[in-house]
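Take a look at the structures listed below.
In what follows, chain A forms one complex with chain B and a second complex with chain C.
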Partner chain A sequence: MKDWRYWLAEQRGTLLALGIFIVMFIIYTSNHPAGFTANVVQTAANKGVLLAFVAMAQTLVVITAGIDLSVGMIFLLTNCLASWLVVGTPMQTTLGVIAVLAVGLLCGAVNGAIVIYGRLQPIVATIATGAVYYGIGLLLRPFPGGSVNEDLADAMTGRVFDVVPASLVVLFAIVLLIWVPFSRSVLGRAAYAAGSSETAAYMSGVPIRRGKFAAYTLAGLLAAIGGLFLTFFTYTGDAAYASGNAYTLFSIAAVVLGGVSLFGGKGSAIGAIFGALAFRTIGDLLFVFDFDPLWQPLFQGVILLIAVSLGAFALFRVRNRLEWFL
Partner chain B sequence: MSETTLGGIAGRMPKFIRRADPAVLTAFACIVLLLFLGSLYSRSFLSPEYLLQQLKVASFLGVIATGMMLVILLGQIDLSVPWSVAAGAMMACAAAAYGPLGVALAIPFGIFCGVLIGIVNGIGVAYLRIPSMIITLATNAVAQGLMVVYTGGFSPQDSATGAMRYLATGFAIPGVPNAVIIWALIGAAMVFVLTRTGFGRTVYGIGNRERAAYLSGIDTRRVVMIAFAVSGGLSAFGGVLLAGYASKAAQSMGDAYLLPSIAAVVLGGTSILGGRGSYLGTVAGVILITLLQSILSVMQMPEAGRQIIYGVVIVAMLLLYGRAPASR
Partner chain C sequence: MDSAVPLFRMEGISKRYGGVRALEKAELVVTSGSIHAILGENGAGKSTLIKVMAGVVAPDEGRMTLDGREVTFLSPAAANQAGIVCIFQELSLVPDLSVADNIVISDPPKRFGMIDRGAQRRIAEEALARAGAADIHPLALVKDLPLSRRQMVEIAKALARKPRILILDEATSALTAADVSKIFGVLKRLRAEGLALLYISHRMNEIAELADQCTVFRNGRNVASYKAGSKSDNEVVELMIGREYSHIFPPKPAAVPATAAPRLEARKLSWTDRLHNISLTVRAGEVVGLGGLDGQGQRELLLAFFGVLRGLSGEVLIDGKPVAISSPAAAREDRIGMALIPEDRKTEGLMLPMTVRENLSFAALDRLSKGGIIDRAAEQRLIDDMVGLLAIKTAGLDIPVGALSGGNQQKVVIAKWLMRQPRIILLNDPTRGIDVGTKQELYQLMRKLADAGAAILFYSTDYDELIGCCDRVLVLYDGAVKRELVGAEITERALIASALNIHGEESPVGLGASA
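What follows is the complex of A and B.
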């Protein structure tokens, strides 16, 4: 196969997600009362970036053929923590940001340690750790409240040179700083290999345990960045159970839309980002068409159901019926 | 299997102890420990009234966990429990608003809605081969959306029917709450199905290796679908009973049952990978979880602390005996 065709086959899921996003965004802005203005883009970007960070976190774990049902709760916990710590002088704020990110890393590392070294099933283990993270978040913020360094928050949610949303710039920087190095490193390749075929990877001497551990840990970090941004947008911390669950759920939808295989070993965080942006845009389409907001949960649920059912088309390619059963 | 692990220590113990699953024994030992700790805190912990009350509260979780166990035995999981419970409760209450016929059919209609959710799950898992945790999360979201649209964002005004209240709080046999009798009947039926019928043996077979079951000529996809439908129906029935207990349905009433139902099944020694586990273990797990909740609420532990203790206890117990075999 020629190089470009190989590249195209590898990036098919990402490009499809990009395509869906562009089409949806054109429909969205062309029907928006204000049209395609910097303000509309900024608002859409700020909402989309939150889910994009959580979806990136989910991607890292899904690539290893696991799943992290606690990402939404890490997101909440770091939001509550940031509403205490990210305040005061620039020095205090910086330390606060570092502490929040460190807590995210720690949460991810705990998940990884339990799943990999404790040999528990990722689903049950992360539901249980999610309950713990939610409990800690609720301890920190029994009632919504707190504050954040507003200069930093406004800078992060504003616009650069009056055009580009700052949140998109940060998202781009995080991709360059975390995703690109990880996916090209030995550990990143090990995470992919473990998701693709753990036995084969083990036999080839790939460091699968360290790769998976790195994936879970970085997922915690990315969810914490999302939690920080939530604090920047809302200026408060709020341990809302429903919101944490919704983010976990939407992150899975975004990952699937972004062409990441739930069976592991396939896909990229960049696809998941476009999946997240597309999912957010589809959800907001209801508003520009003046539907009752009550229909939004149903609408998002149906999109999620359709998105996960799309994977079933792979069944038509199966030649041997035994391959139905993993 | 338990004989090899316990054989050395328990060689001279009575046969029924030797044959028991160590996980089930641990769960029962934990129940005794909790009761002991509770009785140190307050003397009324060992009174028959308190224990019967706990058994009654446990029976709601017991009904829901029965369905969850069936699915977990297949090696799958049902994360649509929260809104199956809520949908069952809300739809049963809603049906009661439609005259005498509606009142008569309220309970079957609520269960029917749960079965529908379960069938969608089953089609997704069995025929479309979508991972169960994903499709059940999706149907959970759809069920939530439907309920939100139906109620218009408010709690439904309809209250539970007399029959629902009677099932949940009445006493058909003096001294024994009806909810406990219902749990006993459902549990007995489950034990019969699992141990005495072809369907039950197939469930264990699929949980061990679906390929092998399929090659033995079993229509494994139909069995998986039925199991999910039963799980959805039992969740909804649990919701109906809860609505009868609280005499009305609420939107978030199912949220508190997802983690406990999974935890009860897994703490009772059922392998999360499927194919291994007994109903006795699930009973022990349900009582254990209910007692833990009760003791935490008697000690006036806030919600945050309860969530943390919950998560830690589940991870700790799983690390004790729920680990997957060392790889390769």
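What follows is the complex of A and C.
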């Protein structure tokens, strides 16, 4: 049988992102003064997972043919919240983590409720809620500050068995605990179906609304996990507006690099993770080649353009020009 | 069949859309173990009837009983639950999911809360085999399959839901002959298993081969039910004819001499599997109709002329000279002078949030501007002319066009193109969903434009319009011209008969006298 070919076709976007990332990472480490060491990998992983979590969050929403411009702000809000709550005894810390994650879930649920039941366009709805989330974050931390349980933070940003970066292990666990069950559940399939053809999904009796709601809500949760990790790395809470916006925009870039279609219905969070890691590596590459950091935005833009162009070739095969606009 | 207890019954079902009544006290009785054909021309209410049965549309009044108990379906899912499964004309497959995903989409097999992919694969393979389509790979993405294969998947998907009543709405329209015979085998087996099947098709030979019972719909009512084979094709056509209302059509002038040079000509036009060797001519001053059932390639033909389709084969000639029209912008250039009044004015004809003025001048901006600057005075003059000519009723030129009534919106679309003084006008079912008064005005206008020297190609799903407005009608079937009707030959009987391809043996005529 040729099952593997269908599997390959389905995973093409993910594999392409993985390939781009591996090539870039090899170039990076082989030109790094220290080479491919546990330390270099750990630093890269810690920088990469932040965007990876936010990109996973974005993926869930993009699959439903929506977009979430509030992910970066949920990421900031939960960072600020964590700098208040994730402190003290192990018991208090645990409760703090749970509270932070619950707030992320709630933010996502609010987005979902507004988009699905309020029937607002995702772009507008999430710009508005994003501003609200940022506003709350700013009230929590008007100035950078706060602290975090350092034992937990160091464990999460350190290495397991002195080799594997703990942040990657957590990322892997989150994929197994959240993404895999979601993508294989009825709700996940409903999210894909709604993104691909909402009418067909409706006609087939698919629970579209619940699927989309689950996608938005889990996106909030994933952004909150990213926010927690930001706190673990920085030991502080900081409502930095520019950083929140950058994460939102980079998450969209990572999603596209990872082969997730902005038209919905297609792609995987795993692809988005590799997209995020690859996107992060661009900056590191410039560093090892001694480029001025001023070049970074320009290079990121060019790489993104190239990656997106790869996906546009299908338009050359269109026979009815009206399909260009579908 | 007569001993069977009615499985499903619809009584006094009515449904209105705005002022249009789609169903009026319709009745239907469905029995187990039989194939029931539903017949009727375009707009007779068949589609609405099925949508009511399948839970897509809620009826305004009437009741439905299943096994003698009254039922109401609030959603397609509820109807599925009750065992009523419909294969719709517009496919209900999700393009980015695999065949197997689609087949089990309504109720996927689960294990530990997740979809059991192994079980899903088995169900899909079994359903595909039952539908006689075991050649389709369950992991293939639906969007990568050709239309005929998708229809087979659609059928497999319906079978996987274990229906008691299976509705097939034009489910064979895109199938190859080989597939059709396979499907017929499947349907006959399902009948033997005790299913009730409702079969909607315009192909009389299919109905003759399959159906046990037939019901004819007209104007939203069931007008006759009879045992299949007890009536001749002609009697069936007679039952389908007969609309109540009639329009006032402008008188037709003497026929344009057949020797006149054609303004627009197509020679052996073909495009993918939708258009096959279409040849036709339209002369200046002529209104030529495109008839046939909905979706036989009429829309594609108009789009082909208008430069929207890529990969056309064959020739298009304007005033006898071959031209290559590569885009709508090229089609409207003066040397071609073509305008297309689209079918869906909301997406292809108007920019609803923009004002009447802006919408009106869009197509003619290049003529109204010098060096990129719009000549406001010239624009205003032309707009005033058009609003006057078409009697567009609007509270002002600067209100959003979306605020106008459907009829006036359609007038704006037409006026927009008339501002260019087109020499060739293509109309794609322009009177759909507009009121009778506006329709009449449009008929008058069409004739006036033709008299002024335009060549008009007019597609309509309303047979009365074709009869009342056209000098000639070309009837399309399956992407090819099946018959040309000229002058007094254009009758409802002839239109329906050739639309159903009852006179399939006749050779296609399209070139008219210039052939």
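Operating definition for what follows: the second predicted complex is superposed on the first by the 315 of 326 C-alpha atoms of A that agree within 3 Å, B and C clash if a C-alpha of one lies under 4 Å from a C-alpha of the other, contacts with A are read in each partner's own complex, and residues count from 1 in each chain.
The criterion applied here is as follows: contacts are C-beta pairs under 8 Å (C-beta built on N, C-alpha and C of every residue); 3 or more make two chains touch, one makes a residue touch a chain.
Remember, predicted model here, so these are calculated numbers, not experimental data.
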Fit or clash - chain C, chain B, common chain A: clash
Partner chain(s) touched by A:185 [first = chain B, second = chain C, both, neither]: second
Chain A residues touched - chain C or chain B, whichever exceeds: B
Which of chain B and chain C A:302 touches, first, second, both or neither: first
Touching partner for A:196 - first (chain B), second (chain C), both, neither: second
Partner chain in contact with A:205 - chain B first, chain C second, else both or neither: second
Which superposed partner A:7 touches (first chain B, second chain C, both, neither): second
Chain B versus chain C as contact partner of A:136, first or second or both or neither: first
Partner chain(s) touched by A:322 [first = chain B, second = chain C, both, neither]: both
Selected from 296-304, 350-358, 440-448 or 476-484: the stretch of chain C that, after superposition, runs into chain B: 350-358
Chain B and chain C contact sites that coincide on chain A, given as residue numbers: 199, 202, 321-322
Chain B partner contacts - residues on chain A that touch it in the complex: 67, 69, 114, 118-121, 123-125, 127-132, 134-139, 142, 198-199, 202, 241-242, 249, 252-253, 256, 262-263, 294-302, 304-305, 308-309, 311-312, 315, 321-322, 324-326
Chain C-touching residues of chain A, taken from the complex the two chains share: 2-3, 6-7, 9-10, 181, 184-186, 189, 192-193, 195-197, 199-206, 261, 264-266, 318-322
Residues of chain C that touch chain A when the two form their complex: 56, 75-77, 80, 88, 90-98, 101-102, 105-106, 108, 110, 113-115, 117, 137, 139-141, 157, 271-272, 300, 303, 307-311, 327, 348
Chain A-touching residues of chain B, taken from the complex the two chains share: 77, 124, 128-131, 133-135, 137-146, 148-149, 152-153, 210-211, 214-215, 220, 252, 255, 258-259, 262-263, 266, 272-273, 302-312, 314-315, 318-319, 322-328
